[in-house]
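Pasting a structure here, questions to come.
For clarity, chains are labelled A, B, C, D, E and F in written order, and residue numbers in each chain start from 1.
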Amino acid sequence: MPAVKKRRIVDSITKESIISNLANSTRLDERGLLDYRNLEIETKILKDKTNGSARVKLGESEVWAGIKVETANPFPDTPAEGVMTCNAERLPISSQYIEPGPPDEDTIELSRVSDRGIRESGMIDVKELCIKEGERVYSVYVDVAVINDDGNLFDAVAYAATTALLMSDMNKFTIEDDEIKMLDEKQPLPIKSVPVSTTFAKIGDKIIMDPNADEEEMATARVTLVTDENGKYVSAQKGKPGGFTFDELREISVISKEKGDEIRIKIREAVKNGA
Amino acid sequence: MSKNNIERISGRAPDELRNVSIKAGVIKNADGSALIEFGKNKIMAAVFGPKEVHPKHMMVSDRAIIKCRYHMMPFSTDTRKRPNISRREIEISKVIREALQPAIIMEDYPRTAIEIYIEILQSDGGSRCAAINAASTALADAGINMRDLVAACAAGKVNGQVVLDVDDTEDKTGEADMPIALLPNTGLITLFQLDGNLSKEEFDKALELGKTGCDKLYKLQRDALSEKYFNDKNGNKEE
Amino acid sequence: MPAVKKRRIVDSITKESIISNLANSTRLDERGLLDYRNLEIETKILKDKTNGSARVKLGESEVWAGIKVETANPFPDTPAEGVMTCNAERLPISSQYIEPGPPDEDTIELSRVSDRGIRESGMIDVKELCIKEGERVYSVYVDVAVINDDGNLFDAVAYAATTALLMSDMNKFTIEDDEIKMLDEKQPLPIKSVPVSTTFAKIGDKIIMDPNADEEEMATARVTLVTDENGKYVSAQKGKPGGFTFDELREISVISKEKGDEIRIKIREAVKNGA
Amino acid sequence: MSKNNIERISGRAPDELRNVSIKAGVIKNADGSALIEFGKNKIMAAVFGPKEVHPKHMMVSDRAIIKCRYHMMPFSTDTRKRPNISRREIEISKVIREALQPAIIMEDYPRTAIEIYIEILQSDGGSRCAAINAASTALADAGINMRDLVAACAAGKVNGQVVLDVDDTEDKTGEADMPIALLPNTGLITLFQLDGNLSKEEFDKALELGKTGCDKLYKLQRDALSEKYFNDKNGNKEE
Amino acid sequence: MPAVKKRRIVDSITKESIISNLANSTRLDERGLLDYRNLEIETKILKDKTNGSARVKLGESEVWAGIKVETANPFPDTPAEGVMTCNAERLPISSQYIEPGPPDEDTIELSRVSDRGIRESGMIDVKELCIKEGERVYSVYVDVAVINDDGNLFDAVAYAATTALLMSDMNKFTIEDDEIKMLDEKQPLPIKSVPVSTTFAKIGDKIIMDPNADEEEMATARVTLVTDENGKYVSAQKGKPGGFTFDELREISVISKEKGDEIRIKIREAVKNGA
Amino acid sequence: MSKNNIERISGRAPDELRNVSIKAGVIKNADGSALIEFGKNKIMAAVFGPKEVHPKHMMVSDRAIIKCRYHMMPFSTDTRKRPNISRREIEISKVIREALQPAIIMEDYPRTAIEIYIEILQSDGGSRCAAINAASTALADAGINMRDLVAACAAGKVNGQVVLDVDDTEDKTGEADMPIALLPNTGLITLFQLDGNLSKEEFDKALELGKTGCDKLYKLQRDALSEKYFNDKNGNKEE
């Protein structure tokens, strides 16, 4: 139940520069308020041990995602559904502000929001992950490592997880005489949609997108919206001890879809290039 | 907006809250406390502080620090919950703390801690919103200087219809849930989450509906505080 | 292995008043040495999610108990017996002296003593909790939340647990073609006796009952005795770093039965009113 | 009281202890130590201190603090015990500490810690009592100022008969177990627990019988200390 | 991830004496550089609750080992093999420098090196620990308690574990109608070899064997080599933040075998005396 | 030594390393960092410090303390690894720290901490050696004063043949693995482990072979540092 922890320190010159730039609706790194940093997505970077993988660089933020598809017993209340779990780790290599050890509340939030984005969008058809009802299902583990943290991990982790899932395969199986046999042959995961996360931060009365680490620290509020290719809102999470007005949220929801569509194209391109 | 609607399982109108009652000052050992019954939710919140900070290195020189824990009793859920704190409870503790913090005038209490403990004794849909209302009332009951009360309520989508305050029976067939917390005086939304599937129109409608719910909860909190301090159920008295 | 922790502080004026009152065989709250505080027992307070529940207020101490009856595999060494587990949590709302987190040794002692009182009294016939030998049994979870701590939690927790168990039901079952089917219809728990806990504390050379929090802190020794309706002693636990003489324990054992009988009547009344 | 009794599985009389041997000073690195063999129990206790307190904030200005841990080795039980400390071990550590503490003149060692570590190497019925005897001897061996030794022994009920010192074979069919620790000089009972089913008559008889057991253990502790310090098995020498 | 902990303090007079003695190729306790301290091995010390046991005193270092042979499900990837686990605990009675609680990195290293010495030597034929392939196997738990720590626990623990295993029995079984039945009758463990550990430490440029606690603390490097009766090297572990030269390691490997053979005779004698 | 040998699964000669590439300076937030690809191993090491010591009581007045963590990502192994730190990871963290420490001039940084974090992103045989090479490069990249780089490589025995650098396919049928870390300038072996079964002759041969492997890794580390600082792939430049 930590209330105060080792927090990023933004020096006062940087702070002032950020604020004076924002006053002119521009950013310290010369972006416009709603511009994303350069986004690089690379696939198959962990091809020897995973069913799918992706590396995302969003500006200087870098995350690696790896998918492992194993088999498991289904949960008793969903005997005909497979399982998907998404877990993000903020590695201590990623920042001087991260201590090794069990995940803190920020990391747990990051994991759970990433997980919900995939889950609530119905990206994976968990019914298609059933091998034999009540007995055996596929279990899809999405693990994401934060390698370098320069802010907006919510989006970077989401893009890496989504891309890695889109690249991922899983073993086929046969059932003979009631016995399950896993085969060496592969098939793609049952993907139904491509959710895209977008993140906004508020500094003073300005709303910016894709905050870097300094901006994120200075922001009073942050909100992540996940939309799918049908323009539906599937997940949202506000963070930081401040708030947005209703008008701000309505405006954000409009921009979220537009930006989401742009980024979805980049994700699909990376997948196509990697296939 | 209550015309031409699909009937809810509960028989409630689309913009109708479950039964809510809030009682302030229910825990003697706490500096402030409240019990909320919100549908089947039974939730207690207690506030301790401003008090000494432990461990010392967490102390901040120019303001209070806020600790917040949302915790479910094992008997509060359909299937018994294991006693260990879950990742879900840790996340909800965080978003509740961030929802309440903007209302607290932390600068008035430098070098101290304000602790907020929330205990879910019986859970229903919307427990995090119910918890925020209880905690906000408990903070006021503790006499903590506040900019505003924090009112919280969820809107959602059930059977294709945007409705206020989804309960756990509706949640089973529900398509979306959007919990909101609001500081009514400033208009700031300090908790905002969404799980499910909403079109832009539904999104806006849910936001709007959530706001009306928060307004009702705001009044209920003030009533509860008035009842305790002025023995006045209508909550109209001035301080 | 904590030896010193955050302990209740009793101010010196209260201390002196308690002692000077005791010298006249009375208590700061005007009770006699062997008087209990006002005992209120209410049932069905958690009826939507539990199989049984009770709230106990003993003076200003308040605890809530909830029973969940689930099914589980039996332990290998008792294949024909169900399982009962009692667990008490001292919630941080209950006192400024309780920190959130894993249970400390006092809480573990409270849980284990409450558990033993129920277990050793044979209150529940665990053989009747067997559904199918070696395969499936009922598992009765007794969870008790301490809401406000003004001392003598051992008794308050025991009364709440006992009352909630007496109020509790569990689903019936049928076995057809070797398959267990749990039914919606309910039956009461197999109750065999009603154990009652009584607690004594020693301040100076005075023995008092039902100590409040200040008295408990000042006491050098505390002892809890559990008796059943046949006048049998089924469980005992001495606490605090002091002791009792043999004569004191003999005298305590006599009073324990008398008070236990009085309290048993109150518990039965609450159950009757709740039924 | 040894007439007309049902025969015990062990062949012991109702008021007969198992074989007990105590040896002081068995662990070189400890400030004081003892090995007790009590029936099949093999238990080592070691005392360290008075020593510096860690962490500092646990220090008390006018007396020592006592730490105590009762711990079972995985191989000490019938079925292998998992290495993690169990709730049972935490509770027993607490009651043992509270049984020993009244004997220690804590005021003689302000701002220090006295640590008592008990290791169950082989367990039998009555391990907590055996442990107290070992720990008491180890405290004396460490030269800690004490008001008295603490002697411990259990009485119980087996096959309807109140007997002294229930072993683990008897425990399987036993109806009650009542461990007691006694400061013989002051007459204070500092450990007292009961599990089972005793009538008032049996309760009193068990108490009485437990006392006689403690008296025997008291002598055995003194013998062990005499043997170490004066090489005198009878333990009659004055200090 | 502790880097500094409560470390043994060697006073400066002892330090100087150790060094000046080593300059003359002798030791403070008058041993030669490659001499072991007195080694006592006793068996059957925990005969009431274990399948095998041994106490080892190496100078003032004392450890007790106990073996429990239970049955368990095999690991999925080795369905026809039993399981052996070795675990050492440095008890807080053994030294003022040991705190109670979960094992620190030194204790984990001690456990894992002891485990590997037994495992890699093939001392136990795990195939012979199979009861029924894929269903039930023997699980051999080797637990070792450090009672008094005066250095060289790696060897003391290894000797106690090895001796206890050599002394150990396990229940026979029969399979009738596909049902496993464990019998009361006993059989010895399937032992294939007797690994012996030897440990060297380096102080200045001197290499010594069987370091006591003070020597161990002063050493810049330590290395443990385990050899079997065929003169094979089966396990090694260097410790402490210093190093050995290649020539030193080659010389150490020669001595390790010779000393190992001497100690193997003592272990076998203890087993013979205990049988 | 490459004549008359049994063919390796990989087609490598007995004294042939897998493909190795080292890149320094790959993590912007770290004071020093390196990525090593060693066969299928993909490992990142980052160094932070010299920095303030937390908690304070771990501070040493006349030198730096070294913290080191070797950690595997869940996706790095054949079967998903559970996220909790394992006993194996704790042991390897310790031996890696002890392998690196002799190279660091700790006296140059009194009262500070130097933190070394190693992340296994994809594992193959020999990950601890690969990790040491990455960490040594990262330390140099961080500008930490060092006596020498630490080069590491394993030798082993597969199909009865002593070979350099066992990969995980070979490891399945391998008979021995002997990881070594070396400070080439001083000739000190600072990591040395063995699991398996080696005759005296094989032991000596494996040691010898391991040394040649370390020499190659030493050069590769220097190349990586040169490439970063002097943009010179041959690593021949003087500082």
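Just a few scattered comments:
Quick note on the criterion: a residue touches a chain if its C-beta (ideal position, glycine included) is under 8 Å from a C-beta of that chain, and two chains touch if they have at least 3 such contacts.
Computed from a prediction, not measured in an experiment: that's the story for all the values here.
Looking at chain A and chain F, no chain is in contact with each of them.
The set of chains touching chain C and also touching chain D is empty. Compared with chain A, the chain whose C-alpha mean position is the greatest distance off is D. For the pairs D-E and A-B, the larger set of C-beta contacts lies at A-B. Inter-chain centre distance (chain A to chain E, centres taken as mean C-alpha positions): 48 Å. Our note on geometry: chain B versus chain F, Cα centroid distance of 52 Å, whole angstroms.
Measuring from the averaged C-alpha position of chain B to that of chain C gives a distance of 32 Å. Taken residue by residue, chain C touches two or more other chains at 1, 100, whereas all remaining positions touch fewer.
Chain contacts: chain F has residues 69 touching two or more partner chains.
Moving round the ring of chains, first from chain E across to chain F, one meets them in the order E, F, A, B, C, D.
Listed in rising order, the residues of chain D touching chain E in the complex are 27-30, 33, 40, 42, 44-46, 48, 51, 69, 71, 73-80, 83, 115, 117, 119, 121-124. On chain D, the positions that touch chain C within their shared complex are 58, 60, 65-69, 87-88, 90-91, 93-95, 97-98, 101-102, 113, 178, 183, 186-200, 203-204, 207-208, 211.
Within the complex formed with chain F, the residues of chain E that make contact are 1-4, 105-106, 108-109, 111-112, 116, 120, 122, 221, 223, 225, 228, 231-246, 249-250, 253-254, 257. Those residues of chain C that touch chain B in the complex are listed here as 45-46, 48-50, 53, 60, 62, 64, 66-68, 70, 87, 89, 91-96, 100, 141, 143, 145, 147-150.
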